[in-house]
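Chain nomenclature is as follows: A, B, C, D and E, assigned in order of appearance, with residue numbering initiated at 1 for each chain independently.
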Amino acid sequence: MEFLNGLVFLTNFVIVPALAYGAQLAIGALGVTLVYAILRFSNFAHGDTMAFGTAVTIKVTAVLVAMGITLGPLPTALLAMPVGILATGLLVLGTDWLIYKFYRQQKAKPVILVIVSLGVMFVMNGLTRVFIGVRDIQFADGARFLMTVRQFKDWTGLDEGLAIKTTQAITLVTAAITVAALFWFLNKTRTGKSMRAFSDNEDLALLSGIDPDRVVRVTWLIVAALATIAGVLYGLDKSFKAFTYFQLLLPIFAAAIVGGIGNPVGAIAGGFLIAFAEVTVTYPLKKVLTYWLPDGMGPDGLVQLLSGDYKFAVSFMILLIVLLFKPTGLFKGQNI
Amino acid sequence: MTDTLRTSLFAVFVALLILGTGFLDNWNLALVILNYGLISAIMALGVNLQWGLAGLFNVGVMGFVALGGLASVLITMPPVTEAWAAGGGRVLLGLAIGAAAIAVLVTVYKRMAKGRTRNLVMIVLSIASFFAFRTVFDGGVSAIESVNPSLSGYLGGLNFGGDAGRDWWWMPIIAWPVGGLLAAGAAWAIGKVALGLRSDYLAIATLGIAEIIVAVLKNENWMSRGVLNVTGLPRPVPYETDLQVDPAFVTAANDLGIDATTASTLAVKLLYAGLFSVFLIVLLLLAQRALHSPWGRMMRAIRDNEVAAEAMGKDVTRRHLQIFIIGSAICGLAGAMMTTLDGQMTPAAYQPLRFTFLVWVMVIVGGSGNNIGSVLGGMLIWWLWVAVGEYGPDLMIWATSALHAESALKASLIDSAPQMRFLVMGTVLLLILRFSPRGILPEK
Amino acid sequence: MTDNPYRDDRGNNDRSITKSGGGVAQPVTSGQSSPAPGTPFLIGDAMTGGYGKGPDILHSCTIAVEPGEIAVIVGPNGAGKSTAMKAMFGMLDVRSGRVMLDGEDITALSPQQRVVKGMGFVPQTHNIFTSMTVEENLEMGAFIRRDDFRDTMAQIYDLFPILKEKRLQPAGELSGGQRQQVAVGRALMTKPKVLMLDEPTAGVSPIVMDELFDRIIEVARTGIPILMVEQNARQALEIADKAYVLVQGANAHTGTGKELLANPEVRRSFLGG
Amino acid sequence: MIVVENLVKTFGGFRAVDGASLSIAEGSITGLIGPNGAGKTTLFNVIAGVLQPTSGRVTMQGHDITGLAPHDLFHRGLLRTFQIAHEFPSMSCRENLMMVPGGQSGETLWNTWFGRKRIADEERALKAKADEVLDFLTVSHLADHKAGQISGGQKKLLELGRTMMVDAKIVFLDEVGAGVNRTLLNTIGDAIIRLNKERGYTFVVIEHDMDFIERLCDPVICMAEGKVLAQGTLAEIKANEQVIEAYLGTGLKNKDQVATV
Amino acid sequence: ESHTGDVKIGIELGFTGPLESITPAMAAGAELAIAEVNAAGTLLDNATVTVVRADSTCVDAGAATAAAEGLVTGDKVNAIMGADCSGVTGAVLQNVARPNGIVMISPSATSPALSAAEDDGLFFRVAPSDARQGEVMTDVLVERGVKSVAVTYTNNDYGKGLADAFQASFEAAGGEVTISAAHEDGKGDYSSEVAALAAAGGEALVVAGYTDQGGKGVIQNAVDTGAFETFVLPDGMVGQQLVDDIGDALNGSFGQLPGTDSSGAETFLAMATEAGFDGTGAYAPESYDAAALIMLAMEAAGSNQSADFKDKVMDVANAPGTEIFPGELAKAIELLKAGEDIDYVGATAVELIGSGESAGNFREIEVKDGAIETVKYR
């Protein structure tokens, strides 16, 4: 009983949130990794691409809700998401046509592209804010919980409760589907393989009859979809704010890198690693230990590995430690 | 267009921007821009040495700048004697224990044979020393932090000049190179560990280290008051308010036909500008000489192809470390200057966007690999950064003047004018890179 | 240090360090082809051009090959042999002159359109996908093919048995000669109507070189024209039906392989005595 | 000069060099041949410190040099070229050569600031030397070209040129000939012989061109599958059944078809 | 130089950066006061007040200084309403306002260090001091019988200052603070913070943050996971938007914010609603008051020059005199013109003490049925 209580407590506060957060980071990191793997630069505009996709989805959701169309217990935003993906797809394709294409033709160094993406980030950032404002927006509707703390307690009779939010469940399911689809696409389809070839050696891809424009187009569309999905899931689970999405860039990059940038498996592993690191390293074990240890032996202090002040720094420390022992990330980076 | 012509044109253009701000708007603003511009230029120079010359992708500029800021506090603030008495010794002892522990750990790691015993010993030792360190250190820290927490609660600095350190007005100028040294020390430690990483990994590692440095500055209150900020840092130049009541100055100003207030603000800024320029010019000179020498050639070779450079007898690791330290030291120097100019240390101000990415933009737009280019790029981009915030809203009002006065669109557009800083900044950046993808002054 | 001496770009595989800016080949962007009857099967006719905005490398250089023929280009280093090949493949703008394939003017076609038209090319350098496995490299060679290419692949494995052994290894980890075999294999996978090889035998061992030449002869005799740059000129000229000597971007000598082999001046200046 | 004992280098499970033992006599020009993938380049890389050996030992003039860093070996007089050219693409060809000599006083920051006179003198000498090498390689017109923008063969020449910039004790040449025009290759061969005779350089040459090997090398070592298969004069090697089967082959089978036109 | 003529007020807030989501309402609050005075048209010699906005970015001292320089030496404003974050406020004060002798009134900078800063009598603020609020919050908790709390604060000088002050006072009163953990604003995910807070436990969670920043994120997460049921909300956290966003779960939570037993706050709310912005937004009422104080002090001094009216700010803010509430600025101007004293109360019960900071009368609130209700005044 005591043991179960401790376990439930841990699950409720550590495992479930970290899983959901990890999945959101992972999908974000997949987008970054894909751009890196195929177009060869670290895309700083990714956070703002996510913000844009989410913003469009929010607007469409509002329209749908106003028209009385909802998804019942599921958030209406899921219904609006395809529109968001489409709009984001158009945006990134437009951006590519207007901006990135030129540098590709010039065979510019990637660092130039990185800085260009910084410029794109500024612009998208501004656009999104002008478009939807800087405020905090909550757009999750439908049933909030799959299971609330109270329900769980009544159901099991335990002292501790376990809550599972609808959005958390949706996040995990969507993430699984997205990742599986992406993998199948990259490794099994002709287009997917041609994308990898393009990323490896552009000139030679040309000589093999691969149409570079098509590869780039497809890449951007997938990236737009990943960005929107990640953004919407994140926004549903928490809330939407332009600034937050920009800030998300750091953990997303950390996830992509720690897993091995350019490697989709790595992006996923990295997402979960960063999420779990954030939650666990500063987690005080006091209460769990009180449950698990024999009576009277529970600790007085918080039993925290590191004080919460350093939470943010800690996830980077994990990153550094991983890089020290695996200098190219958990899964050897760079190629798909 | 020859290189020299291009360089001169660019220099003249940047000068015109600043002078134009002075003539068309006001000189105080122009000089503020100039001063921060000079500091940005120094940072850009540091980054250019690392990236443009050696191909080191350091995205941790912010951390070194912050360390420079810390040095400014530690050197220029007067010491807090009560705090020293309360826990200074204990904190120092704690730090000594920490340092000793690391030394012991490193020795053990080097001496013992690989294997499970070593791992075990390492783990036990680290846990033990961690606890020893925390026990001693934490006690000292809480003693210090409880000394008048809302106003001090930290150890203060080393400025024994009277009047809150103002009598030793020259301390800040000493603090700047010390900021460089502090950053250099950190760079040495970081470089030892991280320079083996591939470029993107080095990038994220340095980014992370910078975040860690800032986190430390935010949370170690005993050192620099953390998020509570240290204000009122002494300056190397006179105070405007003092000048305004100095009869000699007032007469001099009146003779020039400027009112004393304006004259004082301008004078102070000019003095700063002079000081910063001296540092910038000396650094630029040294950097130029280094670049156009066998040393610069060796660095470029290493950047071009590490394996081949190594086979040609160049010690790539050592050289990387060397330039990493030098570049970081320059960033630290600039950081110390900036803190002095701000007059306060605000750890929350250290945001990667401002202190890392903006500096990178400066380098790339100016022309990576070209010292003069990155210096001028620093001034240009800083001018833009300010100008867009300054003139953006006016532009927006002007742009929307055609719209109906009451229209909601107009109102919302004007409201979002500050966001235009990002939009315009981005657009300008994209335009510059579009028409000169290798920067305004490309590496020759 | 990276563990892989071949990957000299700091393992970064990005263009940041090693690929310098400027002077890059600008591929032709897609245009239309037009009929050009009465010309050889493949001909680069009076081509003049260079890299980016740089000076002309080729000066009115003409290279042609007919079905069933092996044409070999030889010449000193830097003569423009590779440049001529790239020009014929649309990897670089031809400023004047034209390229014709099977009675069509293809000067304006992009490289991938030329691939579709049946041209196969093995460049001199950067001629494999280093991060992809050997097998995937071959698959990419067959990218434009919609039919079943498994037997072609089997043929290539027959020709280069080592590749079969290393099938699942990233091509970047192969030895220099093995990489060269992958590169040739990739081009053969296209089932091209015309095959262009830039120094296919550089770095391959004598036994493989013989195999390769044998195979090239075989392929040519099935009617596929082969255009080849070779520094191993003596052997190449022996099997060549037609040979060009390029010097400084211009045709210096043209003739059958035997003729050039017999020409003392050519021997002394370009074939090493 | 160099003794390699039982050297093993594995990649994952694959033994690229599999217990090779050989010794290279001082003052010789040793040829190293063997089928593609025999492990020749890997052997070079291990000796030159680019790769760490899995096991085994390398000594140079009696000193253990196993696992030393390449830059260390350079200063001990061991130079090498790369099979796949490793030029410095953004530097001019002349600079590619001028950067080679070690211990230039201008490589110290202090001197770049305050020892300008000395540097200038050194540079002048270096430049003359570099131009001489470029001239020898018949590429003096490329002196100011960026090395990234020269032809494949020219890059190989530059690769060779670098070894001529300093006084080496032993030079490892990894297929300098591949992609180099044969007339020029002959000149290069002459130069190697001259350096060997006049300055006493020891050479180890990987090459697939038997004519070149024949002209230069004695002895010749043949590797296969990571091991030393045979060693001796070229004539002996050429007669070795195993070598013929694994490496030399018996010539074109389709010879008959060549004459068709 | 003329001592009359038109009036320019600079509003310098972080329109971009971490506080960008609350600054629009703050600016709107200040502009509401200015519009009110302009509508009356009686300030000084029938002067019109114009507004110049500038971006403090909240964090970048360099940009904030440059922006202030633009306001003061470029636009020649007569006073600055701002800045928002303590860090940039200090920089602007020292680098621009003091050298040029310009009055600054900050609506939200709470750092105690600013009290000690040399300001030549130019700097004021209407936000309460952290120390005072810590005591009030302790009183509230003690009265409600809460013995142990967990504390989370936004990691800046406001949050840290308040959390420290509170902890000291609460522990002195015999309460237990199980954990005092910082959270960073501008992140979306606060599960790790809540995990730590929950593990430490406590009867209630004190959240020293901002309504739509990390503070909200923490509460949302704590509600979802059932970590805490009662939340203690200091001034930065009291806002209707928060109550609406979190929903029923916030019922029963309580807190305090500056205010007296006056109708000021409600009046301001109504005015804000009419003007079309959220009057409960953090520091929006303070911004109204800051701007009003600037103008009233000018009227009292009969001059728009900082050097003249800086000494009048305390006079108009404090008793004796007729109490002035939001919406009564025109009346206040009349009274001042008539030579009478006023005591500006405004939306947040302004009472300036010491070197010009809010004395800190507090209003205790509780969330009931989705509305913020006043419990009593302290």
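Just so it is clear, contacts are C-beta pairs under 8 Å (C-beta built on N, C-alpha and C of every residue); 3 or more make two chains touch, one makes a residue touch a chain.
By chain, with names taken from UniProt: A = Amino acid/amide ABC transporter membrane protein 1, HAAT family; B = Amino acid/amide ABC transporter membrane protein 2, HAAT family; C = Amino acid/amide ABC transporter ATP-binding protein 2, HAAT family; D = Amino acid/amide ABC transporter ATP-binding protein 1, HAAT family.
As the structure is a computational prediction, the values presented were derived from the model and not from experiment.
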Exercise. Indicate the lowest number of steps between chain C and chain D, counting one step per move to a touching chain.
Key: 1
Quiz item: Which chain has its C-alpha centroid at the greatest distance from the C-alpha centroid of chain A?
Solution: D
Quiz item: Between chain pairs B-E and A-C, which one is joined by a greater number of C-beta pairs in contact?
Solution: B-E
Practice problem: Averaging each chain's C-alpha atoms to get its centre, pick out the one most distant from chain B. | Solution: C
Quiz item: How many angstrom lie between the CA centroids of chain A and chain B, rounded to a whole number?
Solution: 31
Practice problem: Averaging only over C-alpha atoms, locate the centres of chain A and chain C and give their separation in whole Å. | Solution: 44
Quiz item: Roughly how far is chain B from chain D, going centre to centre by Cα mean, in whole Å?
Solution: 46
Quiz item: Which chain C residues sit where two or more other chains touch them?
Solution: 1, 5, 8, 11-12, 14, 16, 18-19, 21
Quiz prompt | Residue numbers of chain A (touch at least two other chains) | solution = 106, 108, 111, 134, 307, 309, 312, 328
Exercise. Could you tell me which residues belong to chain E and also touch two or more other chains?
Key: 20, 24, 155, 182
Exercise. Flag every residue of chain C that touches chain D in the complex, lowest number first.
Key: 1, 3, 5-6, 8, 18-20, 22-23, 51, 54, 69, 75-79, 82-83, 124-125, 162, 173-178, 180-181, 199, 202-211, 213-214, 217-218, 221, 231-234, 238-239, 241, 256, 268-273
Quiz item: Residues of chain E touching chain A in their complex?
Solution: 17-18, 20-21, 24, 155, 179, 181-182, 184, 186-189, 191-196, 198-201, 212-213, 216-217, 220-221, 224-227, 241, 245
Practice problem: Using the touch definition up top, name the residues of chain D that touch chain B in the complex. | Solution: 48, 50, 69-71, 74-75, 79-80, 82, 86-91, 95-96, 98-100, 102, 104-109, 111-113, 116, 119, 122-123, 162
Quiz item: For chain A, which residues are in contact with chain C within the complex?
Solution: 40-41, 105-111, 190, 193-194, 196-197, 199-201, 203-212, 328, 334-335
Quiz item: In their complex, what parts of chain E are in touch with chain B?
Solution: 15-16, 20, 24, 53-55, 57, 59-63, 65-67, 69-70, 72-74, 85-88, 90-91, 94-95, 98-101, 111-114, 116-118, 120, 130-131, 155-157, 159-161, 164-165, 182
